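Chain IDs A, B and C follow the sequence of writing; residue 1 opens each chain.
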Amino acid sequence: MRPVALLTDFGLSDHYVGVLHAVLEREAPGVVRLDLGHAFDPGDVWAASFQLRCAWPHLPGDCVVLAVVDPGVGTFRRAAALAIGDRLVVAPDNGLATAIGPAAEVVTLDWRRMGLEEPSATFNGRDLFAPAAARLAAGADLLSLGEDLVSNSLLPCPLPAPVRTGSGIEGTILHVDRFGNLVTNVRAEDHADVTTAAFVGRIARLVRTYAEARPDEVVLLEGSAGYLELAINCGSAADATSLERGDPVLFNK
Amino acid sequence: MRPVALLTDFGLSDHYVGVLHAVLEREAPGVVRLDLGHAFDPGDVWAASFQLRCAWPHLPGDCVVLAVVDPGVGTFRRAAALAIGDRLVVAPDNGLATAIGPAAEVVTLDWRRMGLEEPSATFNGRDLFAPAAARLAAGADLLSLGEDLVSNSLLPCPLPAPVRTGSGIEGTILHVDRFGNLVTNVRAEDHADVTTAAFVGRIARLVRTYAEARPDEVVLLEGSAGYLELAINCGSAADATSLERGDPVLFNK
Amino acid sequence: MRPVALLTDFGLSDHYVGVLHAVLEREAPGVVRLDLGHAFDPGDVWAASFQLRCAWPHLPGDCVVLAVVDPGVGTFRRAAALAIGDRLVVAPDNGLATAIGPAAEVVTLDWRRMGLEEPSATFNGRDLFAPAAARLAAGADLLSLGEDLVSNSLLPCPLPAPVRTGSGIEGTILHVDRFGNLVTNVRAEDHADVTTAAFVGRIARLVRTYAEARPDEVVLLEGSAGYLELAINCGSAADATSLERGDPVLFNK
């Protein structure tokens, strides 16, 4: 049986996450379950996509990801299941389903084809997504869950990609972590020649560890998920720069 | 082995929840464990009862529920284990044990009969309830844990039931969720003829989805747990009405 | 396979804890995982040591503890794995590794000997500690993870021990819990003759249960983890006394 990794915006003060776990265990007894996080801001597809992207390389090879951040529940947004490499993803078609990248195969979930009761208008995580993930964990084919779909008809993930321009690599801040580090969308291994980052009239130089930074210096370094980030040793780069999620950073040799 | 679903008010900043899990694994190695929630207000039997009631229909069929919200620990309140359908519940006799409804069989937990050390005066969750749940998970009979008890001598759950009167169904708000929705104790399927809800001089009409509501209109709809709730599309019904947990709502055709 | 108990300061709003679980499942499929807590203040080795010490007696007998509170990540602090009784501990050598007491065997983790990629400078929990815990869970020897180390060369745990003096037992407040109870480092079973505690000119008498205290009286009693604590029935001893973590308390017959 495949393990299932859960990622939602349900928070931890209601029964919602517990019920997803219960449905998984009920429908696929003994299934291995992993919590990737449930405390994202409600409806924040951007944040959930970012966290999923960071965790992805470290998941079990045959994992099923059950990702439910679903502000459009009860409307006509589609529900999707995808195959990406040997892993499978179940998620709403609101940008979260495409957080990782191109899929080899995509279906739209169909509760009738799955033989389920009609899902409630407010909790598809419990009524549609978790049962789909449980079946995939137990070995079901994607096509037993719904209709085949052309992959590139899914809504694009809201996370912007870096852009190469005449003046360098234009990146974007994807995440401000709880230490005030500003994590961008530029992967260090994809841009090994980058040595500086420019933002609001300032320049940060690339260092390997925090210890190389001078006091209060905003530096550029590779964070734990492989992205270049702006940081201050023992301080908050967010406070020092007033930069926020979505702001641009220009990378150069 | 039966899976165990845990629900407590222990919070997540201490070792208490972890120790319950450890005791379960120590006493019943390999037991499947599910967290239904641990972030309820300390001692809030009402909230824990509500969340357990919402999760109940979705739990594995042979689940053991380990529910510990226990402000009376160390006093003479009894500890109970119950059989309800194919499921078992272990909980203090403070109203939480009766959150789900009538039990076919009830025992009061007896540490001597279980061969345990005398429980501490402050952490019966670890010393009494979790060992009892572990034994039930591993297949023990209720009567191996303590003395048979007449079910209706347990303290009643604090959640009020709706009352049918000459002027309609008198319901009560059981829960204000984090979106400001006001969840009542009236189950939609039990009262299919309800079309309006009256509260503090106002009337809300029944709709099926949020999208049917006009801007700022307080509407009545069936929530994900099957209860009728007052809600505002993209807004907080709690803020708009000043209604709180425990307030009355009158339902009519 | 041994179960693994996780304790970190990673919080619950990022993917970090989820990734530890993912690495454990990836490297030791089917391993039993227990969360002992992840919401300690970042870098607070004292708090993590205290919580681990409280949970320790209740863990499965053959448990592997994966404890990562690691403000020194990326510097030259060593990483350790220890055998204590039948249990194993994996932790940074910053005082957390010695929270429980003397080890029969200690090694410093060596990523080369383990055949791992070089760990990132910022997330050794994922890249070094979790892989080490997974191998121990699967049955590896300590010496397969790194070099033998003399146990007493590890950094001492920051939690102070009580001191016997001419005037009694000098204890220290280790923890203020969320009810305002002041938990000291004096174990009741080690000091069965203690009957009073003196602090800032006041005296508290030993009671067995909260119910024995008079209204607003600060009393001394044995808490659930076996330590003597100052408490007020239905009140906060921290507020009433202004005592804090690290403050002294003098115990007498």
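The rule we apply is simple: a residue touches a chain if its C-beta (ideal position, glycine included) is under 8 Å from a C-beta of that chain, and two chains touch if they have at least 3 such contacts.
The model shown is predicted, which means the values in this text are computed figures rather than measured ones.
Note on chain A versus chain C: their Cα superposition corresponds to a rotation of 120 degrees, in steps of 5. Both chain A and chain B derive from one sequence, and where they touch, under half of the residue numbers involved are common to the two copies.
Between chain A and chain B, the centres computed from C-alpha atoms are 32 Å apart. Multi-chain contact residues of chain C (touching two or more other chains): 12.
Against chain C, in their complex, chain A makes its touches with residues 3, 5, 7, 12, 32, 34-40, 51-52, 54-55, 58-61, 63, 177-179, 208-211, 221-224. Within the complex, the chain A residues that touch chain B are 11-15, 17-19, 21-23, 25-26, 29-30, 42, 74-75, 120-123, 126.
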